[in-house]
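Below you'll find the structures, each written out as structure tokens.
One chain, chain A, links the two complexes that follow: it is found with chain B in the first and with chain C in the second.
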Partner chain A sequence: MRKLLLSTTIAATLAALPAVADTLRVGVATAQTGALAYADVPVSVGMHLAVDEINAAGGIGGKVTIELIEKDVRSDAAQTSIATQELVDQGVSVIVLPCDSDPALAAIGVISSAQIPAISTCASSPTLPMIGGEYMFSNFPGDNVQATVSAQWAWDQGHRSAYIIYSPDTQYTTMPLYFAEVFEKLGGAMAGQATNTIGQQDFSAIATTVAALDPQPDVIMTSAYEPDFPSMIKALRAAGVTGQIIGSDGIDSPTTFSLGDVAEGLVFTTAGHPTPGSSLETFNTAYEAARGESPETVFSAVGYDLIKVLEAAVLAVDGSTEPTALRDAIANLENVQGATSLITYKGTDGMPVRQVSLIRVKDGDRELLGQPSPDAALIPAPRMQ
Partner chain B sequence: MDLFLQQTVNAFALGGTYALLALGLAVVFSIMGLINFAHGELMTISGYVLMYCGLAGLPFAISVALAISAAVVAAVLMERIAFRPVRNASGATMLVTSFAVAMILQVLFQNLISARSQAVLLPQFLSDSIRFGGLIIGINKIGAIVTTVVMLIFLDWFMKHQKAGIAMRASAEDFSVARLMGIRANTVIAGAFALSGLLAGVAAVLWVSQRASVDPLMGFTPVLKAFIAAILGGLGSLRGAVAGGFLLGAIEIYLAAFLPQELQEFRDPIGLCLVVIVLLFRPNGLIPSAALKAEKV
Partner chain C sequence: MITSPRLQIFAAISAIVVGVVGAALIASMFGAAAERILTVFFITLVGVVGIGIYSGNSGILSFGHVAFMGIGAYVSALLTLPAQLKVATLPKLPDWLATTEMGLLPATVIAMGVTALVALLVGAAIGRLEGSAATISTLGLLIIVHGVIIGWRDVTRGAQSFFGVPRETGIWAAVIGVILALVLARLYRDSRSGLRLRAGRENAIAATAVGVNIPRERLISFVLAGAVMALAGALLGHFLGAFSPKKFFFNDTFLLLAMLIVGGMTTITGAVTGAVVITLVTEFLRRLEGGFSIAGFDVPSVFGTTQIGIGLIILYAMFRKADGLAGLKEWEERVFPKRPPSGSAPALQEVHVSDSLTASNMTMQFGGLVAVNDVSLTLTPGEILGLIGPNGSGKTTLLNMLSGVLRPSKGAAIRGQNKLNGVPAHKIVEHGIARTFQNIRLFPDLSVHQNVLVAALSTHGGEDADSRARAALARLNVAQLAGESAGTLSYGDQRRVEIARALACRPSLLFLDEPAAGMNRLETDALMDTLRGLTRDLGIGILLVDHDLTLINQLCDRIIVLNEGRLIAEGTPDDIRQDPAVIEAYLGRGKPGKKTKPKNRDEPGPATELAG
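The block that comes next holds the complex of A and B.
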């Protein structure tokens, strides 16, 4: 009996160890290869920068160092679920999931039953935390918020009719539906809509249809991203469409700025802009110092943000790494200073309140149009696909 | 009417690109019985060469020549390294080999170049368009149509009047007999791969000039389209591949243009249903290969 008592005590002590350990073990199940690698690879770089910075300073609050345990999920939903389970078995305190709602959703069952908080690197669909439950968090301005910002801008510019091109393939590519909702709420008229599939190469049929509209729509809004977007905008312009084209964060990429004349005047929403003296400028400088090149995309800064959120959460619970405590801490975070903006989870269902930057392509470079806070009454409710 | 004509021009431009892609698959299949799913990666290689040439500031004409040559060299190397050792293995083995080659190349691109799309700098005139009566035609559309026509004429001449081409046709018809006539198997097969590389390179330039970027997984969609077009036309038949390519292009464009909005979401399934319907009536494809001795029960 004493033996049993002893071993139980030891086991209990061991089980309780992670809670008092001085290491925050972060399970990273993201897409290092495959279709989502375009976002998750730069996110990983940003996360590592933040981790190195924090650990070099002695850890979170000078005592809790961060350890990343990484697994490649190959942009595959099933693999995400498997990798998440493996990470849970290794006793991590928090899990990082891929940049798209669909594979992130595949891990919900695992994280909910293990009661470990999970943050998607950059999934922007507001439905993710809604479906994901209390342990699922996002780390990007929501699609509905981005669409509100761009629709409001279009309306303020005097645009009164809009055409949307969206894809029902993923949550993210349905952002134009939010745009249409807000634009109509503001009093604008929808001139029509077209759907595309992700990976569609040829947009000439859609472009010809839009060009044949009389009158031409003032605005064409899409959340298509590379490689579809360049092909789409080239087709639209070649077909003679002259209206304002509005995109979203997926096209915040060097390709967009190298398209030349066709992309001039293009406007899109994204997670941040390095204004002089901003935190993003500081991040970009640090990135260049560490990597010898400037970041290709804002996603690296978003990865940095994610670690800063975890840091703030650990600080809020006095250095504990106990998963449920961390979950509650994340859910109550307010105004965490990330690289891109201030981040607030308090009062949300897990979709953070973050700044949205509105960028215009001018002379092949980015021009900041503003970082407006949208009217809360205008933001559409999350739409289930 | 103008709208219909305009969409028809679109259909020709897209169909032409599909035809070139399907031909690339058909040339190899007709001789080896291999569907080379790594064909798309040849295009990716061309795309990356275009990207690096653009960064180096080379004139576009030279970049294009280098990009196409790269695909030819890569295709020949692919045959020598990956496919020659399994040449006499079953069709399934060769198919799996081609998938393996495709995946290995994709991962190499992701790790050695970048997981992200890389911008390809293209001359400005490719984005322009000209008015032609009531029609507006993009320069890259005209380029696609003209290139397709030139390539088809070249291929026809090559297959009919060149010794290597005639040898390929003979091998496609009956490889054993062709070898008994003194045709060297290695030369014919390497030639077929070189030709498919040429077609992949040309198609890649057209493809990339439309999308202005190249990424590691770029080859998947075109090879899938080429596969559908090749089946639709008649696997192993070169004329069939061309017919299949143009028909697939027309189906896609007309559906995108004229299907009612409520049904647009189902455009791809409807398009594939049309392909299936064609195959129900012509199970061996539009223009079946003469050498295809398929037995249907």
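The block that comes next holds the complex of A and C.
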């Protein structure tokens, strides 16, 4: 009897201790192949860089090392659901989801029932955490915030009419609808809109329509990305459209800077810019030292940010890797220093407050136009498009 | 009605139930992860047998059935999606649909019904295409359905994820689904419709000649397969909880077809084998994708290994086992073969029809070539009419016109009061006309019994089919071969089985196209006895085409002779032997009289053939 009592007491004591583990197991279900690989592959590189850096220093807080368990979801919703479930079965503490709200949404059911926090690498649709519930987080400036920044800039430049080209195929490619909302709120006029499908290679019809407008719109805004965007901008310029073209973070890739004359003067929003002395410059230097080449896109830095967010969350709960504790910790993070900017989740529904950088393509290189904080009153409410 | 032995069906169904339930129980001991792997496997298997129901039995590879899986998934998910979520994510849904929220079972049943309806419409449209055209049309179906799902944004969310579907497919839902699909597929394979369709797959012309309406049987299997695919889709949708149109496109089509082809399209055993092999290999390769270390050597991550692996398995299977790993027979057909019937076989019924077949002015033109030119003939039950002529004289073409295989350019064939010209080929047999073919057209992968049974089942409403089949086999003395695959028989036996198959239709007129070809003298003599018996005992009329003039002369009451498409002589064997036009046609001009004297018919040699 005494023995039983003793062992019960020991068991109770053990259970009462905070769940301290030496390893943070991070399940990574991202798109290593398929349409989203352009973003998720560099994100992975950035994540590994951060993990190596933290583990080399003895782990988070000197004690919790990070282990990445990776699965390719092939940019596919169903595959994301399956891979996420497998990662949950393997007992991970947190899950990283693909760079688009669509496949990320596919994991909602799995993560909410398993009560494990999930962060999308770079999905920017504000509807993702809204619909995804309390366990779903994003890691990128929201579409509505990016659109507000670019619309405000266009207005400030004296542009008064705008034309949008969007695709209803994904949440992300409907960002121009947010742009139109803000632009009209500012007093601008919409000259029209066109829709495309993702993967559409021929934009001549849309280009002809835009070229035939009289008067020509001052601005053409789109959130198309590779391989659609290069075809689109070439078609527009070939048709004689000379107005300002505004894009979004999806075109922050080497392709855009190698397009030559057609992309000259193109403006887009993205997650960061390596200004002298900035954290991004430091990251880029570290990246170059580790990989022997400079990063080609900002997405590697975004991957680095994600691991820094997890690090901050683990630190906030004293090294615990218990999923629900981590969820609460992430939701209350404030001013985490990432590679691209300061990141705050506190007070949001999971869509972080982060800096937005406005970039212009100049002589085939990037020129920073500013890193403005948009007027909160202008930012449109998230909505399913 | 099920056409195969009860023991086989019982063994198959027991194995399915025991295997599936057993696997589920074992998996449940290994925890949730193992259960989920098995659930995915079961759902995949439903998809594989779904395609197999159509492709395996009809022989037409279908790229399109994954589209039905998609329809099933979307329809069922629209019905089970929580109403609140529907309002938020699909604001343009009609009210009745937006407020509908039901359980997985009724939603699945409705989805299967809706999909079957779609399959009926599609199948009716593309069912008449043959060969590669049929396959390509199914590819079109896949692309069109994919396009419609993407385009119908208000209902499907377009190319975006369809998410929030209740994840209600657990291991036991999958168990029920897969048992249902496997049993359905197994029963269909040996149902009347399934057997007819398989006969059509083996030889379309012969199947049509014994009364099989191939397009109809195809449509039945197409719709059934569509419903089973919808079951797979509904289960998958409610397992994943989220999917996009991409889930029901080329990747999964490729995967399911790979399983079916590797395992063997024509059997349930094959579908299961293929699904097991490919699943094991892909699960193994997928785990290697993330990189691994072997003997201290680190292999880096290579994404895409899985697809390459499946490709290699297909190549291996095609090189080493073109019919698939499981071959052409179910396991239970190998373990419990059908035994030849014991006891005395029933006798064939006498013919009580006296209507003659009258063909007048039959003409067949192939472009500029006139293969048959203005030929008239009559054939009455109870008589044997010989049809001879040199090679290329139009004998087989005439036979093909009379049996509905070819539509005559001119002329008419009348049986009793009925004109046969407009009658579709598979209905000719209902007018009492059955036939054999010059180049044997058996159903080689079906058993001898099934060859004959399918004919019996497809004629006279399938009445007394079994006894007709047994009687026909006994009459031709091939009853002991009943369990063999027809394609493995000797040449002479194949000829006899073909005649037995025609007899099983209980014809009053029988067209035999070179029945003695490839037989030795002894076999030919036996055949002559059999044929004589058919007219004498049963009153069947026979139209006999052969080059063996001994056979023709001894057997026939009358002979007609064709040359270069024209009828050049008609009369008794004696008349024909002396007809100068016939002699000229066979031996050429310039040597009249030389070969006309009858010789001893037992003496071999080319001259006796005519003189016989």
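Throughout what follows, the second predicted complex is superposed on the first by the 367 of 385 C-alpha atoms of A that agree within 3 Å, B and C clash if a C-alpha of one lies under 4 Å from a C-alpha of the other, contacts with A are read in each partner's own complex, and residues count from 1 in each chain.
Here is the rule we use: a contact is a pair of C-beta atoms (placed from the backbone, for glycine too) under 8 Å apart; a residue touches a chain by one contact, two chains touch by 3 or more.
Remember, it's a predicted structure, so these values are computed and weren't measured experimentally.
> After lining up the shared chain so the two structures overlap, which partner does A:Gln85 touch, if you call chain B first and chain C second: first, second, both or neither?
After superposition on chain A, A:Gln85 lies in contact with chain C alone.
> Considering only touches as defined above, state whether A:Asn284 meets chain B (first), chain C (second), both or neither.
Neither partner.
> After lining up the shared chain so the two structures overlap, which partner does A:Thr197 touch, if you call chain B first and chain C second: first, second, both or neither?
A:Thr197 sits against chain B and chain C alike.
> Looking at A:Gln355, would you say it contacts chain B, chain C, both, or neither? Reply first, second, both or neither.
So A:Gln355 meets neither chain B nor chain C here.
> Check whether chain B or chain C contacts more residues of chain A in the superposed model.
After superposition, B is the partner touching more of chain A.
> Please indicate which partner A:Thr33 is in contact with in the superposed arrangement: first for chain B, second for chain C, both, or neither.
After superposing on A, A:Thr33 lies in contact with both chain B and chain C.
> If you stack the two complexes on chain A, which partner ends up touching A:Ile131: first (chain B), second (chain C), both, or neither?
Once the two structures are laid over each other on A, A:Ile131 reaches chain C alone.
> Could you look at A:Ala205 and tell me whether it touches chain B, chain C, both or neither (first, second, both, neither)?
first
> Is A:Ser300 contacted by the first partner chain B, the second partner chain C, both or neither?
A:Ser300 contacts neither chain B nor chain C.
> Let me test your reading of the model: by the given contact rule, A:Gln146 touches which partner, first (chain B), second (chain C), both or neither?
Neither partner.
> Per the definitions at the top, what is the overlap between the chain A residues touching chain B and those touching chain C?
After superposing on chain A, chain A residues 32-33, 168, 197 contact both chain B and chain C.
> If we count contacts the way the header does, which residues on chain B are in touch with chain A in the complex?
Those residues of chain B that touch chain A are 3, 6-7, 10, 13-14, 106-107, 110, 114-119, 121-122, 124, 127-129, 136, 138-141, 207, 210-213, 215-218, 220-222, 252-254, 256-257, 261, 264-265, 267-268.
> Could you please specify the touching residues of chain C with respect to chain A in the complex?
Counting only chain C, the residues touching chain A are 31-33, 36, 40, 88-89, 91, 150, 153, 158-165, 167, 236, 240-244, 246-247, 289-290, 301, 303-304.
> Within their complex, state which residues of chain A touch chain B.
These residues of chain A touch chain B: 32-35, 37-38, 41-42, 168, 192-195, 197, 199, 201-202, 204-206, 208-209, 211-212, 226-228, 230-231, 234-235, 237-240, 253-255, 257-262, 296-297.
> Chain C touches which residues of chain A in the complex?
32-33, 69-72, 76-78, 80-82, 85-86, 89-90, 102-103, 105-110, 113, 131, 168-171, 197-198, 384
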